[in-house]
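Should a chain be cited, it is by its letter among A, B and C, assigned in written order, with residues numbered from 1 in that chain.
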Amino acid sequence: MQRTNFKVKPIGMRRCLRECSMEWETVIGLEIHSQLKTKSKIFSGASTAFGAIPNSQACAVDLGLPGVLPVLNKEAVVMAIRFGLAVGAKVNKRSIFDRKNYFYPDLPKGYQISQFELPVVGEGEIEITTKDGKTKKIGITRAHLEEDAGKSIHDLYDDYTAIDLNRAGTPLLEIVSDPDMSNAKEAVAYAKKIHALVQYIGICDGNMQEGSFRCDANVSIRKKGTEKLGTRAELKNINSFKFLEKAINLEVERQQDILEEGGSVVQETRLYDSVKNETRSMRSKEEANDYRYFPDPDLLPVEVDDELLQQIRSNLPELPTEKKQRFVSELGLSGYDAEVLTSQKSVADYFEAMLVEGADSKLSANWVMGELSAVLNKNQMEIDDCPVSAQAFAELVMRIADDTISGKIAKDVFKAMWQGEGSAGEIIDSKGLKQMTDSGAIEGIIDEIIANNAPQVEQYRGGNTKLLGFFVGQVMKATQGKANPKQVNQLLNEKLS
Amino acid sequence: MSLSEQQVKEIAYLARLSIDDSEVEQTTAELNNILGLMADLAKIDTEGVSPMAHPLNMSQRLREDEVSEIDQSEAFQAIAPQTGQSHFLVPTVIE
Amino acid sequence: MTMHTLTVAELSKGLKNKEFSSVELTEHLLARINQSDLNAFITVTDDLALAQARAADEKIAGGSAGILTGIPYAHKDIFCTTGVKTSAGSKILDPFISPYDATVSHKLNSADMVMLGKANMDEFAMGSSNEKSYYGPVKNPWDKNKVPGGSSGGSAAAVAGRLSPFATGTDTGGSIRQPASLCGITGIKPTYGRVSRYGMIAYASSLDQAGPLTQTAEDAALVLNVMSGFDDKDSTSVDRSVPDYTKDLNNSIEGLKIGLPKEFFSDGLDGGVAETVMAAVKEFEAMGASVQEISLPNSAHAIPTYYIVAPCECSSNLSRLDGVRYGYRCEDPKDLEDLYLRSRSEGFGAEVKRRIMIGAYALSAGYYDAYYLKAQKVRHLISEDFKKAFQDVDVIMGPVSPTTAFDLGSFTDSVSMYLADIYTLSLNLAGLPGMSIPAGFSNNMPVGLQLIGNYWSEEMLLNAAHQFQGQTDWHAQMPEGV
């Protein structure tokens, strides 16, 4: 017997044992900072437009010049309340802005105006569906308004950090979840749901690359069955859902390793490095900070009256859950299809625009989720940038429904439409792709093929029914694919039997 | 409530003020002197009294969401201690 | 040339009647300022003043002048003024040339007034003697060995020394009233929210309020008319119409009910000051007002309350002074920490640092409830005292300061000076309006009488003060040699 050296990595072995014993459970809470898409900043009249020349959108108030004062942007409050209503949360009619005091160069006043004890939005919840189809309710502890800080750029100079305060003062809605998620997939599902929702209700553009939607994860683990929460670490600098999942999984492993070796987890902030795929401790002195929260004396308590609340409620667009239910009950779509189509407002809007044109809901659903989705993904595009409008796509789908073309031919037409060769109708006409539906003509072709392929006909009639495909292929070849497949099948079956 | 020298050092750091060892004793004495004034505060009965953050019994005015500020970055950067390529500069910060 | 002894009202008439021009008046005052050793100004804005005076004269000639067109003033260096250094009396803002105007600055400019310069003050308005300025102490024109009071010491000295017919000031714990009292002039702190705080460098946001220091109540009314008004850039500014504060000045005050808080007339009040104040009150009685004793039981608590609330707010307000975007930055900072620590430690004076630290401590974890929250509750009690008192009286009167002006350098520890704020602090905590008017002398130094009114009762205060000034001439007294 050959002796083999088994080099088992200790970690691998431990992981194996761990998975076998499954003694740990993970507790995750997410803090999402969603930039509100107001035109001006939360406390000043400077523009919030992205990509401006550094510091060109930082006014006196944003710069924290001596003597300046904050004045609250109504739209920021309205957007926060809209979110609260969308997650069924308690809206605090009276909320207070507090100062969170700490020193950092991109924090001009040396404090951030935020909300501590009395946020504008209280407890709410949202339901997530994980890939295996299970649903789970995730609690939202609160959502509060605060101002964003500026940006610190470390690579512009060797010896200096450069500060751009354009972003300082942009309104943020910080959405804090209950620690209800038990694994990375649930966390991602939650984050995606919130991401879709804030876009749905028009309060955030969800652009994670530009930093308008940022997720921080609080991760801790504890022995299964225990009540007490373990010490948590906060993960920051995660700018995609993919990285969110990776960072959380890394952190869970890191904490498990520590605890199994008998150590204890330190409460700290860790930055996720997507290049190295690791997290590292951000144990800056800021950690030791006492924020000394107190109500901002330059601002007064925010009071929202019933009239405003009612106005916001009535202006709320149809929420994803409502839309999904409607797609199922009124349009006859499956739960899964409805979920996919409503997961992004832009997709739902596109789909619904197709129905307005008269396209069939099920066929449209299939084509949006199938062909369209595939080519968008391939080109890494969003549906908003699709060169084929919903109206044009609807026309294509309707030409399938009315048998002008087959589904197979439609794929070719779509390719041409994508290249900008014209509308579905125009392409069908110019390329002569109209389906052949004249039974007489098809019969004629079938007769010819049967006549020319006697051996195969005999084999088929002898029991080799698989050869039907051969005949179909021949018909298609003879008709350049334009024969209506249904009729071909039907007629072949008749004539070959 | 009497502060120790160590506490005074921590408080100073919180406020980004430096006190070197030659000053800390005096500063501690001065601060404790001031805090001595507050000693009686605890004895005052404030049962059921709400805190008064403002003399005004008003709520926060809401401003319409409009861009009202123009680019004055040149004027603002002209008075800055150090700028470069339209940015405010500080010694490198390591995150 | 005695143009400098004229009141704002008199100057306004003089300019209108072309007895002299604004340029002549301005040149005259600038000459006096440049010869003065009071150290009342941090920055003298000769060129700007003359340019404004010329523009004012044109308006007067053209017939489109307002009441205050061409009137010069000293502007407390706490108000931002475009293109002019705005230091708040501090080294940390010594390099700061403001790129914008405070609303108050803008209003005075719009009224075509002439800014002679930025008046000296205690650093960041923290002080009661103007000895805590980076730019050196200010002298009391009545006795140059004594303090003018603070924090608006430069403003008060400028008016008392007739370097300027009026000056702007700010009052957080008495900083208009106390220097007015110590310098024998008139000063008014209006109701919180009356005057915009935008561009007024913040000390304690919920207490700060701006107001004029003048020779007379009539002048104060004229200037308050211009300074007041709703400002949409200040969330704490009240949207309430501004009456003409001069309208009721000549009303009779017969039947006015005066309350004297017994707590203001106890130990600690100098005998001479008490006597002078009581004599002044008698004048009001002679005009038909009635006097009764009232009680403000929580007055003594105003000191610890104020010295927690104000430091807490200022510790946060002053965090923006970090050497990053404006103001003083230390030389060759080796890293960010060094930049913060040295810029702030080198830039701030000792008193400011003390108050920042007290504030940081009182807000810190574990102490918030015992200090800040407790103080805000006591503040409520103090406010309630006044509410109750104003059910029985129309105006509360008493001393402004326990003593007359003290010698420069006489206080070696902060606390003793804090205790002297006893009569002025509670007003700011409650947000009520208050005045100080010259009421006489004790040991040859001026004594001020304090008038405290209910919210938005500035007309009543000015009326009462004006009537008093019609019966007495303390307000017309000037230091020797002026």
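The rule we apply is simple: contacts are C-beta pairs under 8 Å (C-beta built on N, C-alpha and C of every residue); 3 or more make two chains touch, one makes a residue touch a chain.
Computed from a predicted structure; not experimentally measured.
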Chain occupying the middle, per Cα centroid: B
Winner on C-beta contact pairs when B-C is weighed against A-C: B-C
Most distant chain from chain B, judged by the mean position of its C-alpha atoms: A
Cα-centroid distance, chain A relative to chain B, in whole angstrom: 40
Interchain centroid distance [CA atoms averaged], chain B/chain C, Å: 23
Distance between chain centroids, defined by C-alpha means - chain A, chain C (Å): 58
Chain A, residues touching no fewer than two other chains: 60, 63, 65, 71-72, 103, 105, 161, 163, 290, 292, 297, 299-300
Two or more partner chains touched - positions in chain C: 96, 99, 206, 232, 235-236, 319, 322, 324-327, 336, 340, 360, 364
Where chain B touches two or more other chains at once, by residue number: 14, 16, 53-54, 56, 58, 60-61, 63, 72, 76, 82, 88, 90-93
Of chain A, residues touching chain C in the complex: 60, 63-72, 99, 101, 103, 105, 108-111, 161, 163, 285, 290, 292-294, 297-300
Partner chain C, residues of chain B touching it in the complex: 1, 3, 7-8, 11-12, 14-19, 27, 30-31, 33-42, 44, 46, 49-56, 58, 60-61, 63, 72, 75-76, 78-82, 88, 90-93
For the chain C and chain B complex, residues of the former touching the latter: 95-97, 99, 192-193, 206, 232, 235-236, 238-239, 298, 301, 303-305, 307-308, 315, 319, 322-327, 329, 333-336, 338-342, 344-345, 348, 353-354, 356-358, 360-361, 364, 367, 370-371, 373-381, 383, 413-415, 418, 429-432
Contact footprint of chain A on chain B as seen in their complex: 14, 16, 53-54, 56, 58-69, 71-73, 76-77, 82, 84-93, 95
Partner chain A, residues of chain C touching it in the complex: 79-80, 86, 88, 93, 96, 98-100, 102, 197-202, 204-206, 232-236, 312-313, 316, 318-322, 324-327, 336-337, 340, 360, 363-365, 368, 372
